[in-house]
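For reference, the structure I am asking about is given below.
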């Protein structure tokens, strides 16, 4: 197993956001995390990314315990993540943003720049590479976040609604980009509301509700699951866009 | 006996620290914003008191109210003309705005009032009270008790009234407050008014017993930082306890080590706090 | 644009021969010192976005040690420069370690509080001259005491130091370290997620900045041969660094130079017009400038120029 999260719980005061969630990801898989608002998937996701330390349970990456490791250490170990609300470096250019990521594996400017240029091209940002990040729209920033993470040379990428808010054409391009990332041998865990994305990309899906994992399996099986229809499609469907972290 | 008197004196001064520091902590808690000019607000409160006494011959109640009112207005003006525009801007602008304001107010005061120390002419408050052998000057006693009452009043205003809950709602979540029909801009202007007003009245209360010059603002501003850090950012009760503690520590270090060391001890305490317990005594870990 | 750098270098090199005489040389030296200090501040305050308002602590340490070395052991003041750098380095670590775990405001508060603490403490400490301060050699014993009657040698010593500081900043800007600083300023959480060691990087910036600021302080005290708590650790020393950098453009290589170019002549003018009592007015002016900058142009004159220049160009083309 590349990533293995065992019995993860996270409490905020007396509120249990995640209750004993398990996840095992094999190298080369694409896993989808879905669930209605406040179901705990974002908190769980942050535990995987090293942004939050879980109250109980542990996270192993490539056999090493990273439960309490810092977010920086996660990146160094090869776990990259994007943010639900894009957190690009607004005053830096697109290329410079990607170079910050590339500097993780390359100490010298020339090498970092070369890697960054390659990734900018791969993610279709070449035309905007000299623009400041603030000039991009949300889709561009989400793409830039993916590029930046890619430049850190991750083995596992955690995408937090990286494909939300795109037009149908942009969505198709983004799905193609995720496929290409996958073809590079990078394992992916994606939090996503758009069922189309989950159905076409994910090999396995975890469904969260009220902090629990209520279903787990192939996308086709999961959407047919009674509990999932009740919890996710039944109630959360309409509010899906307003999911708070 | 002398020690007991030192302790009482320290607590009475600490009560005033508590009052002006609660203004600083209110702004921090609500807006995540540090006011570097807060000490200057206290200093201006002292001069307002002086002017009211000298020009209008007002008594303690008059100049106290005048200082509170004048600084309340200044606080609102500062918010509306400056803070509102920089509070979501770059960090540099946030810090420079009030830092520059502090310099502007301090050196304008130097220019107008000169660097000489002044004190209030004898006002109707005078005499000492003898409680079990401890001599307490009446002005300090009245000022200390008034300061505690006002700090508690501010706390009750925040926790028990509609206006208070609206202020806290804005602090909690600006957007949610807006959806509830609260206008964050008004609430934040009010918070700046209250913060500056409490600093102003604290200055007036201090002016009764202590001489001052324009440079006291810097000392009071730093004292307020220490109090707020000790009490935990955003907590008015925390500021109250911490203010009393700092007043006490100052009085004791002046008594044991000498008057020059009272600020050194307090600032050193601040440095130690940053290392050991930056969230303050009452803050969450 | 290609010629602007050599032109600037030539201008600075030949300035003492273009405007001759002690008055202009004095302004030149003051300009260089302000530019060095502000460039040093700029590394942590500008690039890393950690706004120090107590950089006088490093300046003061750097200013005191040379004269202390002379005062205590009769050594040439220059010998105290490395000691000042070391103490400043230690001070930077002591302040950066705890505060860089916290939000940015803590750092600002801590810097001003520690600078005040040191200023008051030094004012009571007899070993370093308490409130009176320290003096350097009245008459130089040899060239290594660096007491020159003319301003000219100081001008070139200061210019050399400025060149070193600017070159270092230039290298920082292009390096991984510089990219990391800008990333941290833009968003710590995102920087961390990309493997940027946020605390260590900020600390490194503060250390580098502290060392250069310390050198600026040493230059000041060696030249004037005198230091007291106010001129070393006073809040106005910190203010000047911040205002010069912010005025010219924080987080830009030449911003501090532009800021010093605007501010130093202004300061000389107000001091000349208002005489000795003018210092108060100077600081009212400083306060006013800072407030206006924060309110209207937090990017400094640099950014303002970037807005204005294209418009002017267009107008001149149209005419």
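Letters A, B and C mark the chains in the order given here, with residues in each chain numbered from 1 onward.
Heads up, the rule we're going with is that contacts are C-beta pairs under 8 Å (C-beta built on N, C-alpha and C of every residue); 3 or more make two chains touch, one makes a residue touch a chain.
A quick note: this is a predicted structure, and the numbers were derived from the prediction, not measured.
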Mutual neighbours - chains that touch chain B and chain C alike: none
Taking each chain's C-alpha mean as its centre, the one farthest from chain A: B
Central chain (distance from its CA mean to the mean of all protein CA atoms): C
Most contacted chain pair (by C-beta pair count): B-C
Approximate Å spacing (C-alpha centroids) for the pair chain B, chain C: 32
Distance between the centres, which are taken as Cα means, of chain C and chain A, whole angstrom: 43
Whole-Å gap between the CA centroids of chain A and chain B: 47
Chain C-touching residues of chain B, taken from the complex the two chains share: 28, 32, 34, 36, 81-82, 85-86, 89-97, 99-108, 110-111, 218, 222, 225-226, 229, 260-261, 263-264, 267-268, 270-271, 274-275, 278
Chain A - residues contacting chain C, complex: 49, 51, 70-72, 74-76, 80-81, 83, 87-92, 96, 99-101, 103-104, 107-109, 112, 148-149, 152
Complex interface listing, chain C residues touching chain A: 174-176, 179-180, 182-183, 186-187, 189-198
Residue numbers on chain C that touch chain B, as the complex places them: 45-46, 49, 51, 53, 94, 97-99, 101-106, 108-110, 112-114, 116-117, 120-121, 123-124, 185, 235, 239, 242, 246, 250, 280-281, 283-284, 286-295, 298
